[in-house]
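This is the structure, below, for whatever I ask next.
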């Protein structure tokens, strides 16, 4: 039973991240996703300090806001003439440093193990249960990750046209009256929320990897956006499942194994993709 | 620790010197990567170092700074090669390749780390510091190693200054006059790897890249001349390193790396506010002047003054 | 600005020739910036309807910036823009935009038909999805530019000229009254050039107004019947015969121009 719960949690995180990550990859914002996952740390620490609990309900809004704030700062710096990469780097390292400082100074008050933050511990998820109004509702993390996935799926489904257009041709989108900035920040807010919801169970390592690796793998396998998103989610879930199996066999970090497997999947696609794999190209030419 | 005591304690002097040199080399090398728009490579290299360090530990069975350095360098190099391969031979763009390499290498490192920890039955001393840095726990040997590496990087940066400047600005022209852009790229990447590796122990994996970015960006705001920018970046880096190291002497609980990064970020924010080139103040003044000029032109046009 | 016989406009005289309500594009005292630097100064224009209008000027003259300022894509420091008598925001449906090819990522996983369908998104509003009807319209537009056979081809696999034609098909799909095109002829092959010219002719015969940022002076007389000479401010605007003259061109290009005369009239000019 606990295996199933772990697989479900990991799978939902992977699906959420891959869904949003497809747009990040296409808009060349993969490193911004990395930045967000680091930038939320001070938000989590501050929320913890303010409220005394690490419960996601409390932490979620504050930390998610931190992620959006980080993106806002990066954008503002870019408009001021700072190069894209440098702007991203300065913002997230400063925020992460602030987070590390807070955690170190107030270590007594913040029960935040920094290593747990980095790679979480999903194996504890089945045992961390949610009790609401006196009723037992099952594992807490699973609820949060599930709700996040539902939110992500709903928003992307409703605004699919807009996300697609803003990613492909923001100039045309703006001229058609689509509020490009709004959708940009909407995407970033969703990424922040997903990062924070996943942090607790699987840590920062998994989030960044899952945001980028499965969509990148799917990008090498298909020429249609809809298929890329669907395939990305499927690959992400598969990576999570296989990764869990590997981690049980090796008795090593679950999140680490999941992302490593995701990396292997990308490598395989890079080499063997029917349309774009580098080892397949000579075959295509001959045909 | 009050400043007067700092000068009298040789250990503290060494640590501060080491941190200063680290910041200095970070600022200098960071300027070279900044002009090539490769600022985040340092971040990737820092994360990639983790599996290298773990493998070195597993190979040797004990903590050895020089072994870690070699392991981290090899892993860093592998990461850079992967990124280059992905970008050149597939439709993946640079940012995707960077994020992919960063997360896979780091994840693999985490797997190795937990593998080691479970094997040893608990926390392995020395390895944890590599994640978040703790300059105060460094031994004299560690500090000397860090200082030496930084000095070497600095010397190389000075020696090859014009090559880095030329290939950063216009690689095709450089090639046309005989400079091999590929080999100089490789040299620069090596220097970044060494800088990162030198600093990881003091500053930690995630934060090391800050030294390669913030001082250079801050310096860019103050001058148009590349040579001056490099020197200024070095100064900013050195000051930040010193500030972090000094603050760390007050308490073992204070994380040196985080403080140094915050110092560098603060310098950057100050530059962004007050520098003549890109400072907010300066730009607000310029906009005000521009608006007045435009209004004057309107008045002239309405009156019907003929334009030449 | 020069004042010649008919069709040209002088500052302060914007409403005289063409009434603002009917004019597809009226620009009053526009000052706009590109990357923080003011590029356009006190630009005044009133364009006539149903013409093929060439926007001519040297590099850095602000031609692209003018288009972007009309569309609200760059900040306007002062002045106003009216499209068919109203601010652009209220007239989006009437304007079709063909941007420069570099502004798009051609590795995006989408095919030619899909790109054209995206031009219809403005009509669909926030929540409706494109369906069969939209795809049919898109297919018709692809046929008009001769790209129907490439409908399901991923756009990165198309040549530069083919990509340009897909962009044009997208603009056609918008079925606008005013078209703004940014260097559509840049770097295209002969077949594409012919297709674009044919398309422009058809648009004009349907009463559309087309403003084209153009760089090749030797083809201006063949393609456009109205011209705007721009170098940060409007040097002259009017019918091609009246305005596309050596003296005015010299003023626009600041003397960096060689004009070739044949039988006393300039037939070719190079900038």
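Think of it as A, B and C in the order they're written, each chain with its own count starting at 1.
Note that contacts are C-beta pairs under 8 Å (C-beta built on N, C-alpha and C of every residue); 3 or more make two chains touch, one makes a residue touch a chain.
Keep in mind that what you see is a predicted model, and the values were worked out from it rather than measured.
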{"item": "Any chain that touches chain B and chain A", "value": "C"}
{"item": "Between the pairs A-C and B-C, the one where more C-beta pairs touch", "value": "A-C"}
{"item": "Maximum centroid distance from chain A, chain identifier (CA atoms)", "value": "C"}
{"item": "Chain centre separation (chain A, chain B; CA means) in Å", "value": "25"}
{"item": "Approximate Å spacing (C-alpha centroids) for the pair chain A, chain C", "value": "41"}
{"item": "Between chain B and chain C, centroid-to-centroid distance (C-alpha), Å", "value": "46"}
{"item": "Sites on chain B at which at least two other chains make contact", "value": "91, 93, 283"}
{"item": "Two or more partner chains touched - positions in chain C", "value": "none"}
{"item": "Overlap residues in chain A, where contacts from two or more other chains coincide", "value": "28, 219"}
{"item": "Residue ranges of chain B touching chain A (in the complex, touch as defined)", "value": "34, 37-40, 42-43, 86, 89-96, 98-100, 102-104, 106-115, 118, 128, 131-132, 204, 206-207, 209-210, 212-214, 216-217, 220, 253-255, 257-259, 261-262, 265, 268, 272, 278, 280, 283"}
{"item": "Interfacial residue positions of chain A with respect to chain B in the complex", "value": "25, 28-31, 33-34, 38, 77, 80-90, 93-94, 96-98, 100-101, 104-105, 107, 114-115, 118-119, 205-206, 208-209, 211-213, 216, 219-220, 247, 250-253, 255-260, 262-263, 266, 270, 276, 278"}
{"item": "Interfacial residue positions of chain C with respect to chain A in the complex", "value": "71-73, 89, 92, 95, 97, 99, 103-105, 108-111, 115, 118-119, 121-122, 124, 126-127, 129-130, 154, 170"}
{"item": "Partner chain C, residues of chain A touching it in the complex", "value": "26, 28, 158-162, 164-165, 167-169, 171-172, 174-178, 219, 222-225, 227-228"}
{"item": "Interface residues, chain B side, partner chain C - complex", "value": "91, 93, 283, 290-291, 294, 297-298, 301-302, 304"}
